[in-house]
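Look at the two complexes coming up: chain A is in both, with chain B in one and chain C in the other.
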Partner chain A sequence: MAYVATKGGEKAIQESEKLYHQLKKPVTPEFVQEIMDTMPYLVDRVMGEGSLYAPELAALALAQSGGDLYEAVLLLRAYRSTQPRLAYAKPITVDDMLTLRRISAAFKDIPGGQVLGPSLDYSHRILDLNILDGIAASEDDEDTQVEAAEKPAATRYPLVADWLRQQGMIAAIDVPEEIDAADIPDVTRDPVMMPAPRAHRLQALARADTGGVLALGYASMRGYGFIHPTVNELRLAYADVQVKHPVTGEPFSAGRVRVSQAEVVTKGKSTYKIGFTATMGWNEVKLIAGATLDMEMSQADPHPALNEDFVLYHTEPIESSGFCIHFKLPHYVTFSSGMDNMRKVINVLYGAAAAGKDADDREVEAEESKTSEVVTKDTM
Partner chain B sequence: MSLIELAQPNQGYSYAFLDAFAKRELRRRILKGIAIPGYQVPYASRELPIARGWGTGGLQVTLSLVGPDDTVKVIDQGADDSVNAANLRRFITRMSGAETTTDANQATIIQSRHRITEEILREGQTLVLQVPNPEPLRRVEPDMAKARILHADADYGQMWLVLYEQLVRFGRYIQGASYPVMVHERFVMAPSPIPRWDTPDLHQSAHLTLLSAGREKRLYAVPPYTNVYPLEFTDVPFEVEDQSEWACRTTGERNKFMNELPQDDGSSVFELSDTGYMEKLVNHQRGEDVTIGTTYYDSEGQFYHDGYLKPRRSRQESPDA
Partner chain C sequence: MPQTRSRADALSVLTKAPAPIVKALADSLLDELGDIRVLKNQTGLVMLPYTDSAQGTTFHLGEILVAEAHIEAQGQEGYGMVVGRDVVQAMALAVIDLALALGHQTATIIQLVDEQQQQQAADDDHLLKMVESTRVEMETF
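== the complex of A and B ==
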């Protein structure tokens, strides 16, 4: 009798899980390492959505789930939720970032210069079939080795937004002297209430589903929003995780992580408005879509699909994916409760004789006899 | 000295999985929920190693309450052996060491998806209902911030309008499961998608009911001996599912909530939805010594609080007469 109400359900689910793993090769430490080394962007995406910077664990999650992204993110989130908070890192600003790539679409040139850095943006998307034939370019081939620039690029760059602020084109912001990281609201430990504190909004975007953020962001860009996002600045960078030593209080680096951020601007009434998204790892699609949504959510009366409540709830990867797959669970009690009503409604609308008739015929008859009027009168 | 030295040695997972901070938060929210019956209390809702939407709200509440001396029953659509119920039960016992049972009378905590037991729960028992959507106003106001204001103002006019429109269009209330209820004359509450058959069980119940939505990050409570009434107009009574003609194929029992099982020949057979109760009836019929508790509905279909359910409208009064 299907997948419920059979004795031995417990045995069935255990065997089902075994079969899932049996249909792929077993996971080895070498394979996990291989994923980390060869697919940093995939690992970044999982770490970002899993809101846990741990490349090895993210790679393990990918391997263990057979590459099912939502499962991998859930594995990471469920692990994260058990981990104690040992310390808070110092909030970083652009001055703390070691920037590899920063581009601006708003200006031809910017203070500090456009730095292309690593990108596939201008690559020809051609599958390299030679690889399948084992004819790979060797590592010291000129075609694969990056030629060093004559002058090394700087590691730190000013914000393009700061230049706009100096020009009075975007509103100035109050920068507090000292931010205690422990005081920043934490979306993973606090209940989310709408309207959300800015910290919650940005944290929710940082760990949002890339595909979900893209879908809603793209809807805005295509015309359901009021915004043309101009990429004021997009950055990929490394940053040190600065924590205070628990005894001496001296700051030290607990490790270096990949981070990325984007600012987009759009015309407001008398100044430009700015939207922002940052995330762990390098994920440019999410940044631009997320920054666009940040701007939309700040509008006075955004499209219903672009307001804060809608965006933040519907781009949560494990909640949305979990609820979607929960429809595989049995719903027969709920369904039968509805059927009880449906049977009675059919009786009321069409009479008991109609119960056995084909549903389509019933619809046609109802149309012809304008049943709705009758029903209205009968029940008043 | 380093951070690693200062940290607790790795002990795997905390007792009952959730760490002490998560448990403290949940217990405080539960107390608040009990203090304000029917009010949705927001909580952080930690991720669990179970997919969201699969009972993580109920599970967090159960894990924050369970102790080694507890006896836990987990049901899904009334069934103890449904795969997801089996999975949740396996997780709860693995993490807490609590006993499990299929007997509603033996359990101290009953976690359930979409059903309340047929046997009347008693004082000291806790029923934890898994909730997919905690907001009864969602269909009239999907924006949660605005819905919150409607609750604050006890502004439920739109809910009454929905019921009225159902009467106009269909001649009856057509809400199936999750029929909205008024709790303690103050908050309209989603009782989780229990069938209407189970809705009256929440009224003046001896047990505590906790309802928790993990995905939506809201929990709420119906404390013992609290008024819970379905939304109904005085002249058109709320009706539970009409299964009075149905008899259980295994036990012959009537006037309990049944599953309808379609047959090859186009007909249907029926079986009790509450498998723990059915198991006891079967064992009793075999002559085993089984204690079967009093049920919410007697064998004639009479609910145990006299007069709570208004008489079903007779055919003469019905619009289809």
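== the complex of A and C ==
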């Protein structure tokens, strides 16, 4: 396909953008702060897909784009591309996290126990219309305040996967070798070749479109795949970003970020298989669907829509949304070329007189013409 | 008062302290430090690697927006980096780091770091007590 630049419409384009802004309220710093404070899960989703942890900028992107998620992710990715990479942090493991939520659907009793943490899992899905009527419960209301326990929860929990490994229920893994972070395969700098290194696969899932990952993961869950997922462990946590002091060489924390991860298991022949996904921010749907897809992609002969190539290419939010919406932009020359070819075909098949007639009428006339020829021949 | 904290240790606490408090401390140190040469003061990215607990693969989770400052005075260097895009906060951290390196106002700095660490520990403790209240004992029938 050839692309031809168009020009013109500059004034209309400028006015169109102004109209977009005029039909909604202006964005203010207070509104951006409000988004950060009241919609952390939305901000997390944009940061995860934007592959940039910057809550303030993600909230700004959401406000600036009027809540269009793909546009917000694009804004964040575009900003990211203007920034230099200054350093690599120390790799995060579960031992480095401050875990706030840790649950398992596979076992009710796991070492360290289960804490629900912040969750609406068991809430009634009923709109609180009192909020609209201005009679919402006050923040100071005792009923809305958490009744804190006397002792704090643990900061760290052992992995349920390690517990299963000790029982021989999932395959043992080698102790990970120390790797220079700069040598880790990076989808933002390397071409993605199939089969992808596992580091590419997991990075691509971490920044994938939540809706795309869910759609394909759900296809697997409904029966197009070969596995039945069970959440072995799901965690929401804070993690310190540990960087090296350039003068003393000592590691220090540049601050905390929200991270989340999930392991999903399914029955194998004599042991369980395990899938994994992690992302920046807290996004449970993406984790469970992503970990399911991780297992599907590892099958010898997965369903065509669940193989690695298909999943990784079709869940890239900017590539996919960008390709989709580019179809509304001017394609005048290519479309005109197609029209010319179509006219030539009509001319050859139906004759010049058929041009301009309704396509159905043309087909009917052509059929009638054939029938009359047959009738004429038969009666001769 | 002898220095009881490493520079990295102090930075780890101050990066999570309220920015106005860090900036106010840095302001109070500037006079003693004399002319400061700014080597870097910018925003940028830190790539965050993550370890896959299923197969042990280390991969890149994504990048973190940070602000950093690297300064020099009296033959010593100071450095600060903080999550976010507040380059003034990063500069304040670098000033405090430089003061620790030079031994200026060490007691004042350590006192503030201690206070902030206690506050952060108390905040974490309260958070984890709330988390503990969500501990669930599932029963099967």
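Note that in this section the second predicted complex is superposed on the first by the 327 of 380 C-alpha atoms of A that agree within 3 Å, B and C clash if a C-alpha of one lies under 4 Å from a C-alpha of the other, contacts with A are read in each partner's own complex, and residues count from 1 in each chain.
Everything below uses one rule, namely that a residue touches a chain if its C-beta (ideal position, glycine included) is under 8 Å from a C-beta of that chain, and two chains touch if they have at least 3 such contacts.
Predicted model, so just to flag it, every value in this text is computed and none were measured.
K.L.:
A:98 contacts which: chain B (first), chain C (second), both, neither?
P.N.:
In the superposition, A:98 contacts chain C only.
K.L.:
A:341 in the overlay: touching chain B, chain C, both, or neither? Say first, second, both or neither.
P.N.:
first
K.L.:
With both complexes overlaid on chain A, does A:326 touch chain B (first), chain C (second), both or neither?
P.N.:
Once the two structures are laid over each other on A, A:326 reaches chain B alone.
K.L.:
By residue count, is chain A touched more by chain B or by chain C?
P.N.:
Of chain B and chain C, more residues of chain A lie in contact with C.
K.L.:
Considering only the touch criterion stated at the top, classify A:300 as touching first (chain B), second (chain C), both, or neither.
P.N.:
neither
K.L.:
Just to be sure I read the superposition right, which of the two partners does A:172 touch: chain B = first, chain C = second, or both, or neither?
P.N.:
neither
K.L.:
Quick check on the superposed pair: does A:135 touch chain B, chain C, both, or neither? Answer first, second, both or neither.
P.N.:
Neither partner.
K.L.:
Just to be sure I read the superposition right, which of the two partners does A:23 touch: chain B = first, chain C = second, or both, or neither?
P.N.:
In the superposition, A:23 contacts neither chain B nor chain C.
K.L.:
So, A:126: does it touch chain B (first), chain C (second), both, or neither?
P.N.:
neither
K.L.:
Is A:247 in contact with chain B, with chain C, with both, or with neither (first, second, both, neither)?
P.N.:
After superposition on chain A, A:247 lies in contact with both partners, chain B and chain C.
K.L.:
Please report the chain A residues shared by its interface with chain B and its interface with chain C.
P.N.:
Comparing the two interfaces on chain A, one with chain B and one with chain C, the shared residues are 80, 84, 86-87, 188, 243, 246-247, 254.
K.L.:
Taking the touch rule as given, give the residues of chain A at its contact with chain C in the complex, in rising order.
P.N.:
Touching chain C: residues 47-48, 51-54, 56-57, 80, 83-94, 98, 100-101, 103, 108-109, 113-119, 146-155, 159, 161, 173-176, 179, 181, 184-188, 198-200, 202-203, 206-207, 240-241, 243, 245-248, 250-257, 259, 261, 263, 274-276, 278-280, 294 of chain A.
K.L.:
Show which residues of chain B lie in contact with chain A when the two form their complex.
P.N.:
1, 3, 6-8, 13-14, 17, 19, 21-22, 42-49, 51-54, 56, 76-79, 81-87, 90, 113-115, 132, 143-145, 167-178, 193-197, 215, 217, 241-243, 257, 259-260, 273, 275, 318-320
K.L.:
Would you mind writing out the residues of chain C in touch with chain A in their complex?
P.N.:
6-9, 11-12, 15-16, 42-66, 68, 70, 77-79, 81-85, 97, 101, 124-140
K.L.:
In their shared complex, at which residues does chain A touch chain B?
P.N.:
3-10, 12-13, 74-75, 77-78, 80-82, 84, 86-87, 188-195, 243, 246-247, 254, 307, 309, 313, 318-319, 321-326, 329-334, 336-341, 344-345, 347-349, 351-352, 372, 375-376, 378-380
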